[in-house]
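Starting off with a structure, shown below.
Labels run A, B, C, D and E following the written order; every chain starts at residue 1.
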Amino acid sequence: MNMSLELLLATPFIGGLLTYIGGKVHRWVRNIFAVLFSLLTLGEMSLFYNTTFKGDVWGSLFGSKLILQTNPITWLFLLIVTSISLLVIVFSVDDMKHEEDHIVLDSYYMQLLFVEGAMIGIVLAGDLITFFMFWEIMSWTSYFLIVHGGKKSMDAGYKYIIMSIIGAYAMFVAIAMIYSKAHSLVYPDVALVLSQSSPTFTIWIIILLGVGFFVKAAVMPLHTWLPDAHSEAPSPVSPLLSGVLIKMGAYGLFIIFYGLMSANLAKNIMPSIFSTPVLLYIVQWLAALSIVLATFLAIMQEDAKRLLAYSSISQIGYVVLGLATGTSLGVAGGLFHALNHAIFKSLLFLAVGAVIYRTGTRNLSDLGGLVKKMPFTFVALVVGIIALAGVPPLNGFVSKWMIYEALLQKKEVFLLIMAFVGSTGAFLYVYRLVHSIFLGQLSQKHENVKDVPILMQIPMWVLVIATVIYGIFPGLAMDVIVKGMKMFGFAPIAYNLYGFPQGSTMGALKVINIASVLMISFVVAWIFFLLFSKSRKVSQYDNYAAGQVVTPELKYNYSFGFYMSFGRVIKPIFKISIERIYNYWVDAAKIFGDYYMRRVYTGNLETYNSYIVIVVTIAAAAVLLGGKIW
Amino acid sequence: MIYYLGSFLLIAIGLYAIIIKKNLIKILIGLNLAASGVNLLIVSIGYIKNGTAPIFSKIGINPSAMVDPIPQALTLTAIVIDASELALAVAFVVLLYRHYGTLDIKKIRSLKW
Amino acid sequence: MVKMILIAIGAPLVAFAIGLSFMMIKRKIVARIQRRYGPTIIQPIYDVLKLLVKEDNISHGVIFSLGPIIAIAGSILAVFFIPMAGFSMLTGSGDLIALLYIMAIGSLGMALGAGDSANPNASIGISRALTLMFGYDLPLVIIVISVALQYHTTNLSDIVAAQANGNWTLWTLPLSAIVGFVVTYGALGEHPFDIVTAPHEVATGPMVEYGGKHLGFLMISHAFHIYIEIALFVDLFLGGASNILIFYLKMFAVFFIMIMFDEVLPRFKIDDAVRFYWKWPTVVALISLIIVLVK
Amino acid sequence: MERMTEEQVKTIANMLRKRSLWMIHYCTGCGAMELPPTMTSRYDMERFGLAPYVTSRQADILLITGYLNVKTLRRVITVYEQMLDPKYVIGFGSCALNGGVYWDSYAVIKQLDRYIPADLYIAGCMPRPEAIISAFRHLMELIDSGKADGYKRYKRNLAYYKENQRKVLG
Amino acid sequence: MVNLANPILLIAIPLLFVFLIAFSSAFSKSIAKYLPIFAFGLNVVIAIMIIPDVLKNGLVIATTAGFKPPIAIDMVVDRLSLFLAIIASLLGFVVSIYNVFYIDEEPEEKFYALFTLLVAGVIWMIITGDLFNLFVAFEVTSIAAFGLVGFHRDKGAVEAGFKYLVMGSIGGSFLLVGVIMLYAATGTLNIVDIAQKSAELTFQQKFLAYALIFTGLGIEGALFPLNAWLPDAHPAAPSSVSSILSGIMTTAAIYAIFRITNTIFDYNQIYFFLMFFALLTLIFGEVAAFFQKDIKRMLAYSTIGQTGLFFFAFTLHSTNGLQGAFMQIINHSLSKSMLFLIVGGMIMQVGSRNIDDFAGVGRKMKVSAFFLAVGMFSLMGLPPFFGFWSKLKIIFAALQQTNILMVASVVIILLMSVVEGAYFFKLLQAMFFGKPKQDREIKEASLGMLTAVVVLGLILLFVSFYPTPIIDFTHQAASDLMNKNYINLALKLGGL
C-alpha cells in the first residue's frame, strides 16, 4: 500500500510517455492508451477513499525529505483532477480529430496526462519542494496545452506562462525563506517553524505563497491571464484549466491557511476583523471583488469561452471566499464549491466545446437557435448554467448556500452582499450564454448541424448526473470534506445526506425537499398544460414583426450587445483596467530596459575600452583607499 | 625606479591611445605600447643594479647579485604572445579595411546593442 | 398526513386565489383612478379562461412551451417557502437564502421559453428583465440580510414568530421596510419599472410570441408572483399573520398602497432603473443594515 | 367530473370569448383616430372586457381601421394569419367597406372581404365611438350565437382568398 | 608503464594534436577533421581515469620537468577543476563530432587546429596551478578564440574578432601586470605558494594586484561591464565555437577568478564587492537578451546572465552557495553548448539568424527542437530539469543569510529569471506554434550534428532525473573549496 502513492503519481507520467509512443503505432492505440491510463489513475485514486497517509518518503534533496501524503481533503482534489482529466481525454478523442499533424496530437495527449500527473503531484505533496516542483511542471505542461497555433493563443499562452512563472517565483522565495529557517520543508515541520517565528516573517510567507496561488487561482488583481488562456485553449483543455487547474490555487490556499498555519495561529499573530485574521480578511475582500467585477466583465462578453472564463474568476472567488472565512461551514463550503465548480464549469466548457466542434465559432452573436439541432448539448448546458447560477436544486446552490450562511454567521455582511450580487449577475451571463447559442433564431449556415458524436456526449452526461447528484445529496461530498477537515482542526459540522439540519447554521437546508416539490409542481403544471388544446408548431420565421414578413435572409435576432444598457450603468467601473495598469508598467520597464540598459553595449570599441579602464581605476582606487569604498 | 616609471608611462600612453585614438592602426600601436610597458615592468622587477647574468658559469658569483631569471623568461613568453596577437590584429585590420573601407573605429560599429 | 396533503394542495390554490384577486382589484382600482368605470371585477378570470380555451395554440419548440410551465412550477415552489398565515411547508429546506434563488426560477424559466421564440423583442425584454432583476436584487439582498441579522435566523417562520405582538420589523427597521416596498415594485414589474414588458417599445417583451394557453399560464404565474412578492414583504416586515384573513388584509393594504403610487408614475429607462436601485434604495438599505450591525 | 358535450363546451367557451375580447392595436388608416376616445375614460371600452393588445399572438380582434392600401394588405394578412383561432375581423369605416373616397385609387383595397374574411363592418367616415361600441356589442352577440365564424370561412375558402391576395400583391 | 592518469596529459595530448593537425593537412585534409575527436576522446578517457585518484586524495598534483613546485610548473586537479576539465573535454569531444558535419569553409585544417588549441587552452586554464601559466593559458585560449571568432571573415565576424582581440589583449596585459605584482611581492608564481606567502603582505600590495587580475579575467569571464565583446563574438563565431566559448571558456575564466579569490584573496568584504558585479552582470545580460532579434546574440546575452547567476552564487561565500554555483555551471555548460549546437544546425536550415524566421521550425526539426526546449527549460530552471535543482540550491543558499540585501538579490535573480523565461518562451513559442515561412524547405539537421546534440541532451536529461551523484559531488567540491583543502592538500601532497 505504501508504494501505491508513488504508483498513483507515476501512472499518468508513464501513461503519457506510452501514449506518445502508442501514437507512433496507430492513432487508436494512442487514444485507447490515453483513456486507459487516465482510467487507471482514477481507479488507483479511488482506493484512497477515506484513507490517510502521513508521509511516504520518495526521495530527499539538499537534506530535505520529499514526501507524499494523502488525506480526505487531498482525495477530494484528486477526485476533481482525475475524473475531469478522464472526461476531458474521452472528449478529446473526437474533438481533436480535425488536427492532421500526428505529432501534435500525440504530444497533446502526453501533455494532458502530464498535467494530470503534475496536479496529482501537487495534491499528494507532503512537503514544499515536491509541491513547488510539480507546481512548475504543471505550469509549463499546461502552457503547451493552451498554445496550439495562431497569434491569439500564442499571446494568451505567453501571458499565462509569464504570470505563472512570476507567481511561482514568489512562492519560491517564500519556500526558500522557510527552508533557511527550518531546514526541512515537510508540512508539519514548516507548521512548527511558522508557529515559532515572528509575525512579520509569517505574514511575508503568507503573502509570497499567496501571490503564487492567487495567480493560479486567478483572484482579482492577478487574474489577467485567465480570460485569454481559457478562451484560446482548445475546447477540451478549457475544462481542465478552468475546472481543475485553478483549483490548485485554491488547494494551495487551503494548505497555507489551514495546513501550514492553523487558523488559531493566524489569529494570534494578526489583529482580527469580524473574528477573521486581517490577512484572511483581505483575501476575502479580494475574492469578493473578484466575484463582483468578474461577473460584470462576464456579462459584457461577446465570446462564449471568454464569458465562461470570466465566470470562472467569479466562481473561484466564491471558493476563496469560503476558504478564507476560517469557520468550519465556510471552509467546507469553499471546498465543496471547488468540487462543484469543477463539475459544472467543465460541463459548460465541454458543452460550448461541442458547439464549437459543430459550428466552428464561439462568437455568441454568430450562433443561435441550436436547440433544435443539438438538444443533448442544450440540456447539458442548461443544467450547467443552472448549477452555475446557484439555483436550487443543483449543486452550485448548496455550496453557495453554505458560504452565505457562514458569512452571515460571522456577520461579514458586506462580503455577503457582494457574493450575492455576483450570483445574481450570474443569471445575466448564463442566460446570455444559453440564449445566444441555443435560443433565438437559427442562422441559415447552421441548418445542417447535428448533435455531437456519442464519445463527446458521454462526458457531458456523466457531469450532468454528477451535478444533479451532488446537488440533491450534498452529504456525499460532505462525508469526505468533514472527515478531512477534522484533521485540520475544524469543528465538525452537522450534516445529513440531503443537506444541513438547523443548529450548526442560521437556517437549514434540505435540498431533496426543494427538488421533489419542484418536480411535483412541474409535473402538475405540465399535466394541467396538456389538458388544453394542443399547440401547433410554427417555423421560426412565422414570427411577430409588426406584420412584416420575416425572411431567412433577414437576421431577426437580438444577440449582439445583449446587455448594452446594463453596460452603460457599469461603464464607470471599466475605466480602470487592471490589465492596462500592468501593460503600462511592463511597457515602462521595457522602455527602460531598451533605452537605458542594453544601450551600454554601444558597439563602439572606445566605449568598451573605457569601461575596462574605468573598472580598473575604480578597483585600484578602492584598493589604494584601503578598501573603504564599500 | 625610472624603469617602473617608464613602464607605467608606457602603459598609460598605450591605454590613452586605445581609448582616444580613432584609427585602428593607432589603437594597435597603443596596444603594443602597453604590452611593451608591461614587459619593461616585468624585466625591471627582476633587475638588480649592477647585477650579473643569472648563469652559474663561474664559481664565485654571488647568487644574490644575480638578476632574477624568471621575469626574463616571463618576458620572453609575453613578447611571443604579444607578437602573435599583433599579427592577428593586423590581419583583422586588413580585413576590416576590406569590408568597411575605413580605418575609423567610430564607423565600425555594425554590431551593437 | 392528510393535513399535509391538504396544505400541499391548498396552499398554491389559496395563493393563486389571492394573487388573482389582486389582479382583479388592481384593474378596477386603476380604472377608477383614471376616472373610468372599469371592467367587471372578475374580468381577469374571463381573460385567463378565454386564453386557456383558445382553439389554436402555437409553439416554437419544446422549450417555448416549457417556459410558462417552469414559471408556474417555480412559483408554486416559492409559495411553499413563504409562511402563509402561520404554516409553511418547506421550513428548514433552505429558508431565505434559498427563497431568493427560488424566486428567480420562475423568471428564468419564462426567459428560457421566451428566448426560444426567436423574437428579438422577447430577447430585449428578457435582457431588460434580467438587468432589472440585477438592479433590484442588490437592495433586496441587503434588506433580507438586515432582517436575518436582526432576528439571527434565516428561517422565515422564526422571523414571523419573532414579530409577534405587533413587534413588526416595520417599526424596528423602517428604512429597510421602505426599501423593501420600493423593491417590490421592481420585482412585480409595476410602474415605474415596467419597461420589461413595455408594449409600445418591445411589444410586451418576453411575452411577445405567447398567446393562447401559454399566455394564460403566464397570467396564472403572474398571479402567483404577485402573491409571493407581497407575502414575502408581509412576512418580513408586517409580522406575517396567524390567520388567513389577517394575512390577506395585510397583503391587501400593501398592495393597495402600491397601486396608488404605481398608477401615477412614469416609466424608467432600464439603465436608469438600475441606477436608481443602486443609488437610493441601496444607500438607505445599507444605512439600515449598519444600524442592525451596530445594535 | 361529468362529461360535457362538445356543444356545451363551445357554448361556455363562446361565453368566455365574448367577455374578453382583445383587439390588436394595429392601425392601418385614419379610422384609428376614433379608438383613443373609445378606450379612454369617456367611453371606456374596458367595461366590456375589451382591451388593446400588442401582438398578433395575443389578440382576438383585428380592426381594419379605414383605408387599406396594397402595401399594408400584405402586413394585414400576415398579422391575421398569425392570430390564434378564434379570431375576428372588423372593417372600419367606409374605406374598408368599398374604398370610400379612394374608390378610384390604384393603391387602395376596395373590398376587404375578398382578402380576409370580415365578420363585421362599421359604416361611417369616420365611425363615432358610439358606433364602434355598438359594433363591438354586435360582435359579442355574434360570438355568443356562434355566428362570428370568419376564421372558419378563411380556412374553408383558403384557396379563394389566396388567389385574390396573389392577384393584388403579385 | 607510464601512469596515464596524469593531469598533464590532459593538456599535452590536445597540444600534440594541434601540431598533428597542422602537419596532417599537408598530407590529407580529411584527417584533420577527425583528429580533434581522437584528441578529446583520449582526454575524456584520461580525465575519467583521474577520477578515482581525485576522489581518494581530493587532489592530484602533476609536475613538469622533474622539479618540485614551486620552482616547477605544476598541474593541480581537485574535484572542482576535475569536473570542469571533464566537462571541457566532453564538450570538446562532442563538438568535434559536430564540427565534422558543420564546418564546410576553408581553411578547414586551420580551424581544427585553432579549435583544438582553444579547448586545450581552456583545460590548461582550469588545471594549472601556476599564475603565469594561467596567463599563458589565458592568452593561448584568447588567441585561438580571436582567430575562431573571425573565422568566417565576413563583415560581422571580422569586426567582432577585432573588438574581442583589442579587449582581450588589454585584459591579458592587466592580468600579466597583476601576476607580476604578486610575483614581485612574494617571489613565487605558484598559487599555493603565493597563498602561503601573501599572508604577510599589506592590503594594498595584495589587492592592487587582485584588482588587475580580476579585471583581466573578468574581461574573458564576461563580467559586466567588461563583457562587451561577448555578444559580438559569440554570434559571429561558428556555432560550434560559440558553443565552446559560451559553454566552457567564460566558465573557465570565472573558475580562475573563483580559484584565485578563494585561495589567495579570501576576504569577506571582497565577496560583497563581487556580488555587485554579479548582479549587474545578471541584470544587464538578461535584459539585453530580451530585446534581441538575432537568435545567437540572444543566447550570448543569456550566457552573460547565467554567468552573473553562478558568479553571484559564488559570491555568497558559503558551501551551499558554491555548490549551487557549481551545479549551475554544469547546467549552463551542458545546456548552453547544446543550445548553440542546435541553433547552429537550425541556422544552416533556415539561412538566417533572425528570430522571426524561426517560426515553425520546431515542427520540422523535431529532435532538435525537443532538445532545444529541454535546454531552455533547464536554463530557466523549470523542473524537473537540472536547472531547477541548481536554482533551488542557489536561492536556498542565498536566503540562508537572512538580511535584506540577500532578499533583494534573490528578488533580482528571480525577476531576471522571469525575463529569461520571457525571451525563451517567446522563441519556443515562435518555433513550435508559429506559422512557418514557405520560402525554404526545412529538414532535420544531419545525423552527425544530431548525434552531438543528442549526446549532450541525454547527459542533461540523465543528470536532471538522477541528480543525486552530481549533488553529492558538487557538495564535496564546494566544501573542499570552502575549507581551503586546495592549499592544505597541496601542502600535504608535496605541491610545494
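Basically, contacts are C-beta pairs under 8 Å (C-beta built on N, C-alpha and C of every residue); 3 or more make two chains touch, one makes a residue touch a chain.
Everything numeric here is computed off the predicted structure, so don't read it as measured data.
Without chain A, the contact network of the other chains breaks into the groups B, E | C, D. For this structure, the chains sharing the highest number of C-beta contacts are A-C. The central chain of the assembly on a C-alpha centroid basis is A. Set against the C-alpha centre of chain D, every other chain centre is closer than that of B. With centres taken as mean Cα positions, chain C sits 36 Å from chain A. Look at where the CA atoms of chain B average out and do the same for chain D: the two points lie 116 Å apart. Separation between the centroids of chain D and chain E, computed from CA atoms only, is 97 Å.
In chain C, 53-58, 203, 208-209, 212 are the positions where the chain touches two or more neighbouring chains simultaneously. Of all residues in chain B, those touching 2 or more other chains are 15, 18, 27, 108-111, 113, listed in ascending order. Contact with two or more other chains is made by residues 55, 57 of chain D.
Every pair of chains in contact is given here: A-B, A-C, A-D, A-E, B-E, C-D.
By the touch criterion given at the top, residues 132, 136, 139, 142-143, 146-147, 150, 153-156, 158-163, 165-166, 169-170, 172-173, 176-177, 180, 183-184, 189, 231-232, 235-236, 288, 291 of chain E touch chain B in their complex. Per the touch definition, chain E reaches chain A in the complex via residues 162-163, 166-167, 170-171, 174, 203-204, 207-208, 210-212, 214-215, 218-219, 225-226, 228-229, 231-232, 269, 272-273, 283-284, 287-288, 290-291, 363, 366, 377, 380, 382-384, 388-389, 392-393, 395-396, 398-400, 402, 407, 410-411, 414-415, 417-418, 421-422, 425-426, 429-430, 432-435, 467, 471.
Residues of chain A that touch chain D in their complex: 542, 544, 546-549. Contacts from chain C toward chain A in the complex involve residues 12, 52-61, 63, 65, 68-70, 72-74, 76-77, 80, 89-90, 92-98, 100-102, 104-105, 108, 111-112, 115-121, 123-124, 126-128, 130-131, 133-134, 137-138, 141-142, 145, 148-149, 152-155, 203, 208-209, 212-214, 216-217, 269-271, 274-275, 278, 289, 293.
Taken together, the chain D residues at the contact with chain A in this complex read 26, 55-57, 74-76, 78-79, 82.
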